[in-house]
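Each in structure tokens, the structures are laid out below.
Common to both upcoming complexes is subunit A, partnered first by subunit B, then by subunit C.
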Partner chain A sequence: MSSVYQVLPGPEHFLPPAAASMGVCLPDSGQAHIHGKIVNEEEAMEVAARQFLAARVPTIFPGPLVLWAWNEKAAKKATAIRHLYETIKECVTPSQEAMLIPMPDYRPKYPKINPEIEINPNHPNLTIWHNKIDTCMFVGVHCHQANLSLKIIRGGTCCYTIAMCAQAGHEDAMLSFRDATADKIMRLADCVKRLKGSVKPPED
Partner chain B sequence: MATQSLVGTTNRAGQTVTDPWELMHATERTPSFFTGSEVIKEAVRRANCDVMIAYPITPQSEAAALIGELFAEGFIGDYFRGESEFAVMSQCAGAAFGGARVFTTTAGPGTMRAMENFPMWAGARLPIQMIVTCRGINSPLSIQPDTLEISYLLNTGMLVWHAETAQDFYDWILKGYMVAEEPDVHLPLALCCDGFFVTHTKDVVNLTPADMCLPPYDPYRSPVPCMDMECPPVRMMRDPFVMKSNYISYATHASWQQEVWAAIERSRKHSIRWLDGLIEVDNADADILIVSSGTAVSQGREAKCMLEDEGIDVGIVKVKTLRPWPAEEIREATRKARHIIVPEFNVTGWMAKEIRATIPNPDRVYAGPHVCGGMTMPPEIIAADIKARLGLRAESLAGRGS
Partner chain C sequence: MSKERIKIAPEMHDIMPVEYQDLVERATYGSETRGWKDIGTSKELIEEHSLCAGCPESMAFRYILASLPAPEDTVMVGSTGCTSLVFPHVGVHNIHSLFGNQNAIASGLKRALTVRFPGRVKDVVVLAGDGATVDIGLDMTLQAWFRQEKFTTICFDNELYANTGGQESGLMQKGFVAKMAPVGKTFEKVRLPEIARESGCHYVVNCTVSKPNLVEKVIKNSIHVAREIGPTYLQLYTPCILEIGKNSMEGLQEMRDSEKPAERFSYKEYVSDQAKELLTELAAKEKERKAAAKRQLAGQA
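Here is the complex of A and B:
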């Protein structure tokens, strides 16, 4: 199915469609997508880095696949994610606030989660709204739960979403990488560092 | 990918784990004369399955029993009989939640009895493969071929493929796992065939080597956590988190459903690669196209030959996958056709309805001929209906045999 549908920051709709149902396809290895358009991974690296540097509250949401050291790869990724977070924090101005908020599990929590300390796939918009997050990156979240979150965020918030997926990527993010490794996350951190000072920070 | 690193190792039965693309496309094939049921067994032998759960119902019972022999020979990790079709499908879910590659077979009323499980499988993102050897489902009882049950599967959120021949069946069982287990798909597959016509007839089928098998299922690539009792989807079984009455719960459930259908869409890319397209077209330039799936296509091919002998040019479109539905492919294939004939082995003509909803100028679609309840579909009746559509005289077949 060919598509003219663009995956853009919302709020999009009371119930936005899944981007895959609108004809948006996932990238192949070595590629990424931006707004549903397939691009070279290097191009996406730069756009993602610029998004972090231009955001008021650039935020990383690490999920259970990287929060627990259940294998060597996960531990390495966690170290790389921490490095990316520290890099973003170093590279933004004092008026910007980089955040690292975990999605520790997918349990439904009632009456609601504490949005200051976690994000939940069943109502991720609460954390976005509460912290005024305008750019976020999902990493280490199971694909199904990531897609739920990304679509709900697109539906009800204006947050720019990035997915650093270890599998095939996410159409429901505005920008998605695939086959994520610790090295790829470190490359993104390098890109943020390289572009430091070249991106206009948000105006007060 | 963890499974790739296992290529070259041996499994529990001593088979060599082989790259699946190489297994299906580059290994030497051995022609073998088998029934469809035997073909199911031979495909499962090479599928590196962990669990097969069985329950007897015609016409799949023979295949289910033959797979029991595979268990005895060490090719399957576990094999047992459930208490009913509903129980079987629930047990399949349990095995898949636990990270097993699961295979089962059913038919007709068995499919209907187990129906509640299929949207659950899809919602839980369980890549179970279920063979559906279609037969009559209504009262009075009929064990004979009839494809009405497929229409009930179309909106379950499962992938639904419809094999025409035993060769399709063999290849698609193996390829089906490769598509269904992709992390961006990860959905159950209902691989359907027309009972008896495929299961109980013999055909020459080219088999891949018996000492080679697919890589095992890698549950760590699943898009949902594996058997976590505190998290959906497992938690849904005991405490439906979306049963709370508030907007957030409704929106979550809606997004969950959308994600299942998004996964069907994502399967297109993989299905096109593995099945060499979602449809197969022969002579799309013809004014008259026969479009269908399953053995109705085979009968259509015979009708095409008969009509060509009379100088009437006819094309054939074989629909391989019903979910994902090949809408764009069908629109393109039928672009030039003036008459679209849809023969079906069911009373409602669900395939014709799908095609009518897909193409411009749907008046071109002739929903028929239909047979059901086990009737055969002689190619002569397809040819006769085409002639009638063209305003040509055709010999009546109603009195045949009198």
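Here is the complex of A and C:
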């Protein structure tokens, strides 16, 4: 089934529809989706890498599933994520600023979060606006909270969202991988490295 | 959750906000001797709370969280009210239940945890206000006690519905006039501690939270009795200073005044014979542990 609805950077409006309700389907194994269109995973790798390299503030948002070393797999993924972040940092120009900002938990923190050092799924826009983030990747965030955040981000910001999902993927991201493993994250890092210099950095 | 899981991935350590680093490095998860005296010297399991300045409930929360015997293996069940504003800031697993359903949820949870983690002690602690415990949730509260469910029920008794502007509750004292109860309460405060005893609770205490060491003692006792024997109930006076017309600094005095002999929150305790036996045994073990620690210290010197 193909959908005419495209999951594009916003701001869409205050309450954007859940992409699934607009007919966007999740990819099968070995696939990914870009703006709601199912593509080969390799193609998505390249698009994601280019997106990072072209962004002014490419950012990774690791969630609790990788921030806490609750099993060996999680610890491996954390290592891979750090490697991806270091690779992006190394591959972008001095005018771009790569960031790694944690989403330590999902509590609706009051009176407020500190947007310089963390992101909260209940008001992710604060961190995105504050740091002027234009491309972000969610990884290690539980599905329900990721869907909630991705929708809020699409509703209120122009940030490009990528989901590196360990399960079946996210319709509400502009680009979504599925079955994320440490190896897959490393492959994305390799892709960023390979494309270094081939993508035009953002103009000042 | 085991304590070993409370570890930050080394590659992510430097980006974690300091409160999470503190929770791992300076909190008292897994400590046998944890208690209210840790407050101020170790990381508390409550972050900034959103209660009113000087609210006695915030004191109660801090003492209770400091006194849980095994917070890493505890799940707290809350309900609608001021307490539900605090739970998001707490470093202990917790569930927010539908208003009044807390003891029903806790019953299922306790049973499920027993099946899922055989051989491991998992504590369930209900913490709700007087509206949830005595009015809206009385059915669920009593049925859990009748069934001898093995968990602790704590009622933060502020004697009215504070969160919604001061309506009359079953635990309000007779004659009290509240903002949204202008006629005044026409019947007596429900005697829930007595009902708890008659309903099968093995450890029941009615007191205020003015004395942290007392709160620690009753929390530990009630949880240990619930683990081994059956339901326990604590009714703690946490006055709503706003709704009774007091200032921020007057909460403590209000509690002290209300716990004088013959007042409605003078210390009252009921312990069943079975629970007495258990607590005596635990006290003996604790004494032995302290003596051993003392001997070890003397040996080191």
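Note that in this section the second predicted complex is superposed on the first by the 202 of 204 C-alpha atoms of A that agree within 3 Å, B and C clash if a C-alpha of one lies under 4 Å from a C-alpha of the other, contacts with A are read in each partner's own complex, and residues count from 1 in each chain.
Note that in this section contacts are C-beta pairs under 8 Å (C-beta built on N, C-alpha and C of every residue); 3 or more make two chains touch, one makes a residue touch a chain.
Not measured: the values here are computed from a predicted model.
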Exercise. Based on the superposed arrangement, let me know which partner A:Glu46 touches: subunit B (first), subunit C (second), both, or neither?
Key: neither
Quiz item: With the two structures laid over each other on chain A, which partner does A:Ala168 touch: subunit B (first), subunit C (second), both, or neither?
Solution: first
Quiz item: So, does A:Arg107 touch the first partner subunit B, the second partner subunit C, both, or neither?
Solution: both
Practice problem: Applying the touch criterion given at the start, work out whether A:Ala78 contacts subunit B, subunit C, both or neither, answering first, second, both or neither. | Solution: second
Exercise. For A:Asp190, decide between first (touching subunit B), second (touching subunit C), both and neither.
Key: neither
Quiz item: After lining up the shared chain so the two structures overlap, which partner does A:Glu118 touch, if you call subunit B first and subunit C second: first, second, both or neither?
Solution: second
Self-check item: More subunit A residues in contact [subunit B versus subunit C]
Solution: B
Quiz item: Which residues would you name on subunit A as touching subunit B in one complex and subunit C in the other?
Solution: 107-108, 110
Quiz item: Of all residues in subunit A, which touch subunit C in the complex?
Solution: 62, 66-70, 74-75, 78-79, 81-82, 100-102, 104, 107-111, 114, 117-118
Quiz item: If you look only at subunit B, which of its residues touch subunit A in the complex?
Solution: 125, 182-184, 186, 221-225, 230-232, 235, 241-242, 244, 248-249, 251-252, 254-256, 258-259, 261-263, 265-266, 268-269, 327-328
Self-check item: Interfacial residue positions of subunit C with respect to subunit A in the complex
Solution: 5-12, 15-17, 20, 47-48, 50, 88-89
Quiz item: Which residues of subunit A touch subunit B in their complex?
Solution: 1-2, 15, 17-21, 25-26, 64, 105-108, 110, 121-123, 142-145, 147-148, 151-152, 155, 167-169, 171-172
